[in-house]
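Consider the two complexes below, in which chain A is the common component and chain B and chain C are the respective partners.
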Partner chain A sequence: MAINVEKIAGILQNFVNSASDVQGAALVTPDGLPLASTLPSAMDEERVSAMSAAMLSLGERIGSELARGTIERLFVEGQQGYGVLTSCGEDAVFLVLASQRAKQGVLMLEIKRAISELKLALG
Partner chain B sequence: MALDPHEFMSLMSRRIGFTEHNKSVLQSSEKWGLEIAPDMATVFYDFLGRDEEMNAILNESDGRIHRLRETFVEWFHEMFTGMDNWGNDYADRRWRIGLIHVRVGIGPQHVVPAMAIVNQEASRRLRDAGQPDDLKEALERICMIDLAFIEQAYVEVAAEAVLKETGWSAGLFRRLITSGAAAM
Partner chain C sequence: MRLVVTGPVGVGKTTFIRTISEIEIVDTDRRATDETAQVKEKTTVALDFGRLQFTPDMALHLYGTPGQSRFDFMWDILIRDVHAYIVLVAAHRPHEFRHARRMLTFMQQRSPAPLIIGMTHVDMPNAWESENLAIALGYVGKRTAPPIVNVNATDRDSVANALITLVTHFMTFQSNLMGTTL
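Moving on, here comes the complex of A and B:
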């Protein structure tokens, strides 16, 4: 089944517009290729995609090495906000950028909902 | 990302322009190649021994330098015989030589000057012996193919190690190198 890129882009756009304190989002392949993204203009989509896939894969390896079980998400916390990487099935990695004002519980729930939608769109 | 030595041999032969004529010229001078190989080994290891770092690697264990000299003579002679006419056996052996260089820590910064000495010394001996230019050209080309194997072994081993440790795909790794290089 063909992947509906427009639908995926729409889900991302809607997610970024409606979720509280979310600044950007991207869906990328495990090879680091962008599928769709809504990122701040200063960010390089290609670079962010490659880094996201690399980080999630490395995180999963670290999780395995440290016997942490299946990795749910990678969470990067900086002074300017958060970066959350979540696996979206076997074929994609979901990156979300949020400001430091974001409430983590709400953010995780919104990410979970978005992933359900994205998985359906990925087929 | 694992390299297929047989395909790599074909690719390098094509890119470097290693022809059937080059092969026949080398094979016809095979005895001369074997004759000068021990002296070539002496010049080669004298040169390498002048580098502090290389000297430490060459003399790391008892008898290593002696074994390396023997290996050099075989290696040099094989460039003239081509083993199986520069086929799969030749490619496999060159790949193993490349891997051994990686294992003992002889990097590209050492291998390139070392191969330059082989070329330089061989050229001098070819000239002194009144050997034809054809042989010089053929030897230079096969030297470059052998050098490519050793260089590529470094890249392959380093990449394999990263992929193994990180779980990254070869495509992702290449993408990171490209985007990283662009940002330098």
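Moving on, here comes the complex of A and C:
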């Protein structure tokens, strides 16, 4: 079955609009190519995709090498906000950018919901 | 000593490090879904890392870069503070020479470290000669080419030879540097 890119783009758009303090989201392949994204205008989709894949692969490697088990998510906390990377099935990586005002618990829950929706759309 | 192994997609960077490393290498291979998939199944998305005790008091740390330019931020991270690096180029894929040349420029803008060029796949039909490769990579006229060696990334001796050339080249470079500052 062909992947419904429009549907995925719709889910991302919806997620960014409705989730509180979320500024952008992208779904990329594990080798760093964009599938769909809703990102702040200054960010380049290709670059963001490649970075997400590189970071998740290193994170997962750290997980196994340093005996942390399967990685649930990677969390980057900066003064301007958060970047959260979560694996979304075998074929995709989900990146979420949120402002520093975001409540972490709420953010994680929203990400979890978005992922189950995205997984369905990915088939 | 910190060494970087770089070059276009599918030239054998990960294989190069895997062949020579004494430790199990840290790799970040992911299934390729871009045009890379025609060349190989998996592709490096962050870095490879391997280690080799070269002499009793010298350990080589080998870092491999991804090949695709969308990962150029990794090139940028890895090339910093490197002692020397090797650019692998597949001798039978001339359409990649321009990409290799871009990578060379990218690295040289960020690092003054000495480099050598490793020609892989030299046993293939249509493989280029090293003189012609040097020209294709822009080493014409006054720009003298760095040392060019043949490498079979799957052969331990061949990889070791390339590393010896790289380390020797680094040492010559260092002593020349000393000479000019004295």
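Note that in this section the second predicted complex is superposed on the first by the 123 of 123 C-alpha atoms of A that agree within 3 Å, B and C clash if a C-alpha of one lies under 4 Å from a C-alpha of the other, contacts with A are read in each partner's own complex, and residues count from 1 in each chain.
Here, a residue touches a chain if its C-beta (ideal position, glycine included) is under 8 Å from a C-beta of that chain, and two chains touch if they have at least 3 such contacts.
Predicted model only: the values in this text are computed from it and were never measured.
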| item | value |
| --- | --- |
| Room on chain A for both chain B and chain C (clash or fit) | clash |
| Partner chain(s) touched by A:A9 [first = chain B, second = chain C, both, neither] | neither |
| Partner chain in contact with A:G32 - chain B first, chain C second, else both or neither | both |
| Partner chain(s) touched by A:R47 [first = chain B, second = chain C, both, neither] | both |
| Touched partner set for A:M108, first chain B, second chain C, both or neither | neither |
| Of the stretches 9-17, 27-35, 63-71 or 117-125 belonging to chain B, the one that collides with chain C | 9-17 |
| Overlap of chain C and chain B interfaces on chain A (superposed complexes) | 30-33, 46-47, 50-51, 53-54, 57-58, 61 |
| Footprint of chain C on chain A - complex, ascending | 29-33, 46-47, 49-51, 53-55, 57-58, 61, 65 |
| Touching residues on chain C, where the partner in the complex is chain A | 26-34, 36, 43, 45-47, 66, 68, 70-71, 73-74 |
| Chain A residues touching chain B - in the complex, by the definition given at the top | 30-33, 44, 46-47, 50-51, 53-54, 57-58, 60-61 |
| Touching residues (chain side chain B, partner chain A) in the complex | 165-169, 171-172, 175-176, 179, 183 |
